[in-house]
Amino acid sequence: MKLTEEQKAEIAELRATPRPTLRAVSEGMEAHLYNINPVLDHGFVRVIDYMGDDAAICQAARVSYGKGTKSVQNDEGLIRYLMRHWHSTPFEMCEIKLHVKLPVFVARQWIRHRTANVNEYSARYSILDREFYIPQPEHLAAQSVINNQGRGEVLAPEEAARVLEYLKNDAARAYDHYEEMIGQDGQQGLARELARMNLPANIYTQWYWKVDLHNLFHFLRLRADSHAQYEIRVYAEEMCRLVKDWVPAAYRAFEDYRMGGATLSEGALSCLRRMLAGEAVTEDNSGMSKGEWREFKDILG
Amino acid sequence: MKLTEEQKAEIAELRATPRPTLRAVSEGMEAHLYNINPVLDHGFVRVIDYMGDDAAICQAARVSYGKGTKSVQNDEGLIRYLMRHWHSTPFEMCEIKLHVKLPVFVARQWIRHRTANVNEYSARYSILDREFYIPQPEHLAAQSVINNQGRGEVLAPEEAARVLEYLKNDAARAYDHYEEMIGQDGQQGLARELARMNLPANIYTQWYWKVDLHNLFHFLRLRADSHAQYEIRVYAEEMCRLVKDWVPAAYRAFEDYRMGGATLSEGALSCLRRMLAGEAVTEDNSGMSKGEWREFKDILG
Amino acid sequence: MKLTEEQKAEIAELRATPRPTLRAVSEGMEAHLYNINPVLDHGFVRVIDYMGDDAAICQAARVSYGKGTKSVQNDEGLIRYLMRHWHSTPFEMCEIKLHVKLPVFVARQWIRHRTANVNEYSARYSILDREFYIPQPEHLAAQSVINNQGRGEVLAPEEAARVLEYLKNDAARAYDHYEEMIGQDGQQGLARELARMNLPANIYTQWYWKVDLHNLFHFLRLRADSHAQYEIRVYAEEMCRLVKDWVPAAYRAFEDYRMGGATLSEGALSCLRRMLAGEAVTEDNSGMSKGEWREFKDILG
Amino acid sequence: MKLTEEQKAEIAELRATPRPTLRAVSEGMEAHLYNINPVLDHGFVRVIDYMGDDAAICQAARVSYGKGTKSVQNDEGLIRYLMRHWHSTPFEMCEIKLHVKLPVFVARQWIRHRTANVNEYSARYSILDREFYIPQPEHLAAQSVINNQGRGEVLAPEEAARVLEYLKNDAARAYDHYEEMIGQDGQQGLARELARMNLPANIYTQWYWKVDLHNLFHFLRLRADSHAQYEIRVYAEEMCRLVKDWVPAAYRAFEDYRMGGATLSEGALSCLRRMLAGEAVTEDNSGMSKGEWREFKDILG
């Protein structure tokens, strides 16, 4: 992740000029504002703005005139209660705005979460940079033989080398031709909205992404999960780290009830009750399918 | 609009403690934070928090690393361009959180705008206050004979007096019985979630309402319009005043292109071209319906 | 629930004229179309239209050219997989449109679910009917002493009688005055948009409500739950009955994974593992709060 | 656009088996169901399902027990009134489900409309087909010198030939390597979720897309507009043709008030009034910017 001197100066300037505000302030988040948090080889996540803190969640839940805080302990209890009982609206009262740089194929997965606001860098209007995601060899894995949409074993070194050669060369050639087509030096150039179609899905794009805390937690639960594709998971994990510093109590509740928790079906609960009563429950007498049983055993550790 | 001493103290405390932030700050909005802006007899609008300012709209539109501002003049031009061409996402990058106290029948109209976050005071959990909207006599108008869902002439004084008597007495009696039913002094009291059903639609409720600037403008265009019901329009007008201080350039563009502007149909544009060419266009040869023609003439002044 | 002869004739006419379609048809739902399913004393739920069936969920999940069905058994397995792994988009591919008549205080709770389309009967434009929800005595319960927003014991008969008297009389008087104010017999009448404010929250309103199956399931999970207020729960239960006939396989998966299932926190799962290993876990050594522990014990039966 | 024999058979089977329904039926749309409507070189739009018709819009607006139709003429008047006054909810009561095959760079633009339901073909799970959008030479245009995000003149033949050579060769090579990397013949193959990153943005993807009529109109207004990129506009135009047969009255109102209409700012209306009063208004005394004035003159023809 390289920044130009101009970009570094812009960020430094923004961080150099604190101003007074009467709004709720999260010290933990102020420390992160504008900074580049690198992800993958050329990507990043930056916090551009935020609204609210842990106390703001309680303030909204209580529809209060003042801060809405009774005591820190009391607030944390309320936040845990709200999370446990799926009260989503108080968490919607916090908002975050991020600047994210990410490969196009990650952006395509990301955008499936529709309850957010997005401004993407326009490749109709502007020229994309020559930056492509090239995986580290240890992240080049074979198609999983268990999970139809995941990865299995890491590729053998010679396989990995062949793959990396393809990815690098094809990206370089595609970009060379992209540049030639838009023709910056006088000759008649192809419209950018057309030339971009030659660029592969590992090219980087960037966007401003704004979302409320409830929907962000939903995104993180799915994308920071161990089954998510590695290339989006690293973004989610970076965001988890930022959210933890922003709203520590809400994040703890999220970790306990969502990330670390699990949903059991009626059938699974029934098996559990039999097991607690001392019965030996097996896949055969569980009434579950093979896949459900495997997931059930995973949950019970 | 009466506040308890405790509420006043809470608001004063919030306004007394500025803290440094690195985020975008709108001076115009800081002046409004937490203050009560009275609306109707017992209602209000209060700004609890906001995210972004005019520059933040441009920053997002440019997906920039720094402030995104080139010059104030340049920014205003960009904002006008975005508004004129229906680019909604940059305006979605600003957010506002309000605390609103309003009669239930106004709340019911308000909530039809779904793209916002809401936390309403719970009448299942808490006891509602004895506060009802009682219109001023000059706002008691007859059903319109032109517009099927609007008001016409103001009621004659004796009619108005009779109406006010009904509204006041029925509200008072309903509340007396509500209180008796929930029975706060020892006897077995009816559940609040049931007792509330006796309360009329002019009782006040309150909520936290959070919305982005694009959707807020949409709300204001419909609700600050002269055809909106008076009781919601006064809330919209108060909000216009606040938004104007928050994002002055965006508000000016909104006034020019939305509030003060008008949409003409293909048929209306065709009439207009004939008129500019010197033709005398009348309702009869306009091809418009009676209603369309009346609205068209209104637009042309 | 009384219908006029005209309304009955309209419904009969709609049910009398089947037409050929090439779209997916759910036999189970065709049997319900347009019929009145009574709820509470004057309310109902009616299916006006629907899109899709169980096979359509699979068809969308497979992005297929044809029906997308492999076998009924195979489809049910896919639907269970999708539900278990929180794949929401295939369920969004089914849609239902309902006509609902319901008390205003129920409508106010209902509308908090924002991801649906709504057309409500306009009390600015039209006159509301003289119909109020008056609970059966067995549904008049005291405020719960455990759950701050629920009901406890049923009221004693004399208490219940007193409450019913208030509800009936206040509603009748409010409606008498509403009618007088809008003044249908020649004298100058108050605008409907104003007169309605005198009406209590147990008056009936009606709306068209359209929602996709994913969001409907979310609604039903919260509102058919035993902790939901009785007056909205009976609507949810009626809708469950209809959905079961519409998309039987999806409904079975919903029952197993959502209605009958439970989400356990990381802390609860840890207790569970200790219990399965033979340890005696108590509230004291569970690390849970009082409320969490009670809920945990409830789940384990 | 080539279909396999199996796909043709699946479509033929679906069209061969009409079934009776009591739902609203649109004859115009039945004629289109399932058929392939080709767009670009390999793309298409297919109607998979629909809900509602012109009468259903009126039925919802009237919250009626029966069909809600008074007379065809009366209905059309109501639909025009609703469209003119921005009543969006009745149009939301109609829904359409499409199967669309489209280049990835078009899909990326399309998905910016968030108020729709989408199921995309998964390139994590499945292998993409070797199909790329290669423009016709007459659609290869240079970057516009007026509009920063549009096209200007068509490329000279030799320029066009060079561009097409690049697009074809780069796509072919990228796909060859994609195939090699996923390695279908025994050797250890790269996970599909990784291999796909080598594919350019002109490869075709496909999805099921479901949207209500109000939001579809919004999409069409922006994407069937002459300023939209050609490659998405052709999809929008094809959809306009389908919608016209589905809800003819609503489509006529849409054409008159949205597609053929224009929004004038307060400043523009003021100029217009001066012009109608006989004044010679010029760019200089209009108070408009250069861009606004040009657009204003375009509207006045």
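Every chain is named by a letter (A, B, C and D) in the order it is written, and numbering of its residues begins at 1.
Everything below uses one rule, namely that contacts are C-beta pairs under 8 Å (C-beta built on N, C-alpha and C of every residue); 3 or more make two chains touch, one makes a residue touch a chain.
Nothing here was measured: the structure is a model prediction, and the numbers come from that model.
Novice: Could you work out how far subunit A has to rotate to sit on subunit B, using CA atoms and steps of 5 degrees?
Specialist: So the copies are related by a turn of 180 degrees.
Novice: Looking only at C-beta pairs that count as contacts, which pair of chains has more of them, A-C or A-D?
Specialist: Here the pair linked by more C-beta pairs in contact is A-D.
Novice: Would you mind pulling out the distance in Å between where the CA atoms of subunit A average out and where those of subunit B do?
Specialist: 34
Novice: Mind checking the centre-to-centre distance between subunit A and subunit C? Centres are C-alpha means, answer in whole Å.
Specialist: Centre separation, subunit A to subunit C: 33 Å.
Novice: Return the distance between the CA-based centres of subunit A and subunit D, expressed in whole Å.
Specialist: 29
Novice: Could you tell me which residues belong to subunit C and also touch two or more other chains?
Specialist: 89, 112, 118, 120
Novice: In their complex, what parts of subunit B are in touch with subunit C?
Specialist: So the residues of subunit B touching subunit C come out as 103-105, 108, 111-112, 114-115, 118, 120, 122, 124-125, 133, 135, 139-144, 148-153, 155-156, 159, 163, 166-167, 170-171, 173-174, 177, 180-182, 187-194, 196-202, 229.
Novice: Show me the residue ranges of subunit D that touch subunit C in the complex, using the header's touch definition.
Specialist: Per the stated touch rule, the residues are 3, 7, 9-11, 13-15, 17-25, 30, 33-34, 48-52, 56, 59-61, 63-67, 89-90, 92-93, 95, 97, 99, 117-121, 206-208, 210, 212.
Novice: Can you name the residues of subunit A that touch subunit C in the complex?
Specialist: Of all residues in subunit A, those touching subunit C are 77, 80-81, 84, 86, 89, 112, 222, 255-257, 259-269, 272-273, 275-276, 289, 291-292, 295, 299-301.
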